[in-house]
Amino acid sequence: MKRIGVVTSGGDAPGMNAALRAIVRTAHPTGAKIIGFRRGYEGLITNNTVLLDSRSVGGIIHLGGTILHTVRCPEFYTEKGLKKAAENLEKNKIEGLIVIGGNGSFKGAYELSERCRTAIIGIPATIDNDVYGTDETIGFDTAVNTAVTLIDKIRDTAVSHERIFIVEVMGRKRGFLALEVGLTVGAENILVPEIKPNIEKVCEKIKENAEKGKKSNIIIAAEGVGDTRKIAKEIEEKTGGDVRLTVLGHVQRGGHPTARSRLLACLFGEKAVKMLFQGKTKKVVGINGNQLVEIELKDSFTKEKPLNLEFLELAEKLAI
Amino acid sequence: MKRIGVVTSGGDAPGMNAALRAIVRTAHPTGAKIIGFRRGYEGLITNNTVLLDSRSVGGIIHLGGTILHTVRCPEFYTEKGLKKAAENLEKNKIEGLIVIGGNGSFKGAYELSERCRTAIIGIPATIDNDVYGTDETIGFDTAVNTAVTLIDKIRDTAVSHERIFIVEVMGRKRGFLALEVGLTVGAENILVPEIKPNIEKVCEKIKENAEKGKKSNIIIAAEGVGDTRKIAKEIEEKTGGDVRLTVLGHVQRGGHPTARSRLLACLFGEKAVKMLFQGKTKKVVGINGNQLVEIELKDSFTKEKPLNLEFLELAEKLAI
Amino acid sequence: MKRIGVVTSGGDAPGMNAALRAIVRTAHPTGAKIIGFRRGYEGLITNNTVLLDSRSVGGIIHLGGTILHTVRCPEFYTEKGLKKAAENLEKNKIEGLIVIGGNGSFKGAYELSERCRTAIIGIPATIDNDVYGTDETIGFDTAVNTAVTLIDKIRDTAVSHERIFIVEVMGRKRGFLALEVGLTVGAENILVPEIKPNIEKVCEKIKENAEKGKKSNIIIAAEGVGDTRKIAKEIEEKTGGDVRLTVLGHVQRGGHPTARSRLLACLFGEKAVKMLFQGKTKKVVGINGNQLVEIELKDSFTKEKPLNLEFLELAEKLAI
Amino acid sequence: MKRIGVVTSGGDAPGMNAALRAIVRTAHPTGAKIIGFRRGYEGLITNNTVLLDSRSVGGIIHLGGTILHTVRCPEFYTEKGLKKAAENLEKNKIEGLIVIGGNGSFKGAYELSERCRTAIIGIPATIDNDVYGTDETIGFDTAVNTAVTLIDKIRDTAVSHERIFIVEVMGRKRGFLALEVGLTVGAENILVPEIKPNIEKVCEKIKENAEKGKKSNIIIAAEGVGDTRKIAKEIEEKTGGDVRLTVLGHVQRGGHPTARSRLLACLFGEKAVKMLFQGKTKKVVGINGNQLVEIELKDSFTKEKPLNLEFLELAEKLAI
C-alpha cells in the first residue's frame, strides 16, 4: 500500500485530529504517502488534497475540530458526485481510504466503496455515539464531560434558588449523550428521543421532590425530544414552578478532547492503518469492552445500536 | 457595633460566599456577632437566622452560589413586608446590615433603611455589572470568563464548518456582559439591549466577511435584544447561511469565582465592615480604577451606569 | 440486611462522594440504615459514625474529596486496632460493610474480615488504578484528565520555546497514570516505575528530535522513577538543553470527578449493595470491558495488575 | 508610517497573540504593512520576518503562546547584536517597532532605541506583572486564575486529609503572582521574595490553626523565596505535620488567556499603534485604574514597581 487517503466527514468531533495524527504516524514508517482530502467529501469531488507527513500532524493531538475541515456536501450523495469521487481516488492512486466520521459518512463511504477499487475503512468519530457495533465513538466522552461540567455550574446556582432547570443537549435521533450526562450529573429527569416524553410524569416527580424538600430540579433533554421551549412552558404551567432553559448547542462539539477520546483516536487510527495493510476493506473499527473489533461497514449505519436502558433506570433510582 | 446582619439577595453571583467570608472574618476580631439571614429578604421577614463565626465561613471562598441561599421575595417589597423586616432587625438588635446583591436588592435595602434605625451598607454582586458608581461588581468577571471559555469551544468547531453561530448571554436590560464577552472572543457582531438591533447590518457584515474568505461568524446577543430564535431565523433567511443558536442560560451564574471576583469580594467585604464601624449608612461599596469608593445607596439603583461604547467600536474594528 | 456500614479510606479519589450517594440511595428503598464511619479506618476504631439518608448525600455527586473524610490510621493495622474495629462493627450491628479505597485499604479490610462476622465488600477508588482484577478504579479517569489538561497548557508555551519539560505525575509504585497521560498528551518520553529509566536513551531521543526539527520535548515521569530534579539535571547536562520541571502533586487528587469516574461510582455503588443483599462477602467490585465483575478481596491487593505495555509502544510509535 | 514591525520577546504570556491581532487590525486600515519578526530578538538579528495581514491573525485571540515564537537570545544584548538588529530595522524600512514582552525585553528595546531611528513602543506582557508604571500586564490575570483553579483542587483533598500543602508559583524576583493567588485561594501563609521568609512564624501559625481545629494548611510560595523542598522539610520537622509540595511550573504560562488578559491585549495593541502614528517613541503602554497611560521606556525596567503589601495584610486577616 503506497498511497493512503484520509478524510474527516460530517459533524466534527473532538479527537478527529488525534486520529489523523495516529494514522499518519502509524503509516509513515511503512513508506506510504498519506493524502488528506480537505473539507470532507467535497474534497473528494473537487480533488482538494494535501500531503500529510509526520510533522504536519505535530501539535494537534489536543485540538478540537479537524485540521482537514469538514463541510456538508449533498452533491457527494448523488450518482454524479460518487463517480467524481471515485475518479479522483483513481487519479490520485489511492489504494486505501480512511473515513473519520459518523453514520451519515459511513453510508456515503459504503456507496463510494461500491463504485471504486479503493479499500475503505471507517473510524467512528461523532459526539452522538450512535454507530452500531462499537461501545464508544471518538468525541463522545468529551461531549459528555463538557455538558457535565456546565451542568455542575447550574447546580451551584440551583441550590441557592428553588428552580427547575431544563438543559437541552445534542442528539436529534438518539439519547446516548443525554442519558450518560443525566446519570452523571444526577438529573431528576432524563428525556431521550427513543421514549415519548411523558411531561405529566415529569411534573409529578417535581411535585413529589418538592414535598421531600428537594426544591430544585434538573431535567436533561436530548434535542430530538421536541421543542424544549414548549416543554419548559408546559412544565411551568403544570407545576407553577420557575423553569429556566439552557441550550448548550455547539459548545458540545468543541473543546480539547478528553484523555479517553484521544486514547480511542490513537487506538482506532493505528488499527485502521493495520487493517488496510492486511488487505481489509468495507470495515469500521470499533471497541467492545477492551477489545478492538471490526464492524461491517454496511452494518455500522443500517443496524441500530441499542440504548442502555439500564442506565436510565439507575439514574432514576439514584436521583431520589 | 455588637451585632451585624448580613443577607445575600436577588440572583446569585459567583463570589458571594467569598464576600461573606471577608465580612465575617473582618468583623470577628472586633468581638461583634454576625447574624446571617437565610434565603434573601425572605429571611428578614421570617426571621430565619444563623450565627456566623470564622469557622462557618471556612472552605467557601471558592464556592459558587451562596451558603445563605437567596430566593425571590415579592412580599418584602410591600409596606407590610418592609415593616416586618424592620421589626426583625430591631428584635435581633442588628446595628448594621450588609446587603450583598444587585440593583433590585439595593432598592429594597433603601426602602428598608427608611423604615429602621439599622445602618445599611450594600455590596454589589451581580453578573450583570449594572450597578451605578462601581466599575465592576462581584461575579461579573466570572460570568464573562465562563461565557468566553464556552465560545472558544464553539470557535473550534466554527473553523471546521462554514456557519453562523448566535450565542445568547445573560442581560435583560443591560449589555455589559455581552459587550465584554463579544470583544474578548473576537465576535463578528455584538447585540446589546441599549441599541436597537439592526439585523440588516448584521447580515451585510456576514456577506462581506464571506467575500473576504471569513466563512464562520459568531454573534453575541444579550437576552434583552429580543427573541434570539427569531433573530436566528431572520439571519438564516437573509443570508442563506446555516445559523446555530446556543443559549448559555444559568451556566453563567455558577462555577467557582475567578480570582478577580474573589479579590473584589475580599476588598468589598472588608470595606463594608469598616464603613459600619465608621458609622456610615445608606452607602454601597464600589471600585473606581484601583480606589475603593462609597456610592449613595439611592444613586446605586436610580442612576444609570453608562455602557462603554468605545468597547463596541473597538470590537468592530478588531473583528475584521 | 438492616444496617450497612460504609467507610472511605486511604488517599482520596474524585468520585468517592458519587459512590457514597449510589450506595445510600440504592440501599434506601430496602429499608436498611446506612451508617457512615468518619475519617477512614480511624472512625471504625473511635466509633465516629453518622447516619446517612438520601438527603444527606444530595448535591455531592460532583464534589471531589469525601464528605466522610479519610485520614491515615496506622493503629488500624495492628491487632489491637483491628479488634477494636471489629467490636465497633458488632456494637453498631453492622451486617455489611462497604470499603471505598485502594490496595492498602483492601488489605486492611481483609484483615478485618478475618476478625468479624460482618460481610465486607470493597469498591476500588484510587487515582493509581493499581487494583488487581478491575480495568479501572474510581478517580483514575479524573486524575488522567487533570494531568492532560495541565500538560496541554505546557504545550502552548513549549511550542514558543525550545525547551525540555519534565512533568512528574503521581504513582509511587505503578505507572498506570503516567502511561495513559503520556500517550494522550503525545509525550516524547514516558518513565514508569516498572521499567528502570534509561536516561541515556531519553537524551538520544531528544537529540534525534532536535535534528528532525522537533525542538521541544515533554517527558512524563511517575514519581516512583526517582528524584525528578536529579533526572532534570542529568538531562540538562547530557543534552545541553534547557530543562523545566513541574510537579503536579495533589492537584491530581482533587477537582470534580469526570463523567466516567462518576459512572463507575454509580455502577460500583449499586453493585456493592446488591452483593451484600446476595449474602456475598470478601469481594471487591470491578469492571472488565463492560461487565461488572466480582474480585476476591485477597486477590485484589496480593496479585499484581499488569501494566499495558502495548500503550507504551504505541506512545513511542506516535510521538515521532 | 508605512512599515511597522512587531516582535514578541522573553517568556511567553497568555494574550500575546491577542495583542498581535489588535496591532495588525488597528494598523491595517491605515494602509501600513506589518512585519512580524520571528523567534523574539533573534529574528531581528537574523532578519527572520513574516508579513502579517488581517487574515493571518484570525482565530488566534484565544491561543496561548505566541504565533511569532520567542526564544532566548543573549547575542542581542551585545553591541554586535544590537547593531545587527538596528541594521535589519533599517533594511526593512521599519519606521515603528512594537515590542511585546517584559522587563528584560524592554531593557533590550531601550538599548536598541539608542542605536536606530525606528520609533519603539513597548506592550507589557508577562505573567510576573512586574513592569513599572502599569497596574497590570497581559497574561497576569490568566496565570493567577490558572494557579487558583489548581489550588482549588488541592483544597478538595485538603479538607479530607490533615495536611500541609506548599504550592510553588512562578516569580523569581517578585511576589505579585504569589500574593494575588494567596489572597484569592485563602492561603494560610504567603511567601514572597520581597520579604525574607520566616519559617518559624509559618510553623507557629500552623500550630495555632491546629488548635483552632483548622488542620489543613495551604502555603503559597513564590519560587524566589528559596528551595521549596527544603522549606517543606523544615516545616515537617518543626510541626510534625505531613507536608506535600506542588511545583506548578510552566503550567502557569500556558492556557487560553482570560477575558481580562485579552481585554488588556486589545486595549494595549490599539493604543501602541495610535502612539506610533502620533510620532511617539521610547514609551511603554500601561493602565492605571481605567486609564491607558504612557510610561517612559527607561522607567519601565529601571524603576521598581511596589508590591501591594496591603493585600498581604488582608490575606492574613482573612485566613483565620
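First chain written, first letter: the chains are A, B, C and D, and each begins at residue 1.
Heads up, the rule we're going with is that a residue touches a chain if its C-beta (ideal position, glycine included) is under 8 Å from a C-beta of that chain, and two chains touch if they have at least 3 such contacts.
Predicted model, so just to flag it, every value in this text is computed and none were measured.
J.: Going by the average position of its CA atoms, which chain sits the greatest distance from chain A?
T.: With centres defined by C-alpha atoms, farthest from chain A sits D.
J.: At what distance in angstrom does the C-alpha mean of chain D lie from that of chain C?
T.: 35
J.: Calculate how many whole Å lie between the centre of chain A and the centre of chain C, each centre taken as the average of the chain's C-alpha atoms.
T.: Here the centre of chain C sits 29 Å away from the centre of chain A.
J.: Between chain B and chain C, what distance separates the C-alpha centroids? Give it in angstrom.
T.: 39
J.: Mind pulling the chain A residues that touch 2 or more other chains?
T.: Each of 152, 155, 159 in chain A touches at least two other chains.
J.: Among all the chains shown, which pairs meet the touch rule set out at the top?
T.: Every touching chain pair, ordered by label, is A-B, A-C, B-D, C-D.
J.: Under the stated contact criterion, what part of chain B meets chain D in this complex?
T.: 21-22, 25-26, 28-29, 54-55, 58-59, 61-62, 135, 141, 144-145, 148-149, 152, 155, 159, 180-181, 183-186, 212-214, 256, 258-260, 262-263, 266-267, 270, 288-291, 314, 317-318, 320
J.: Which residues of chain B touch chain A once you look at their complex with the stated criterion?
T.: 12, 14, 63-66, 69-72, 146, 150-162, 165, 167, 229, 242, 244-251, 253-255
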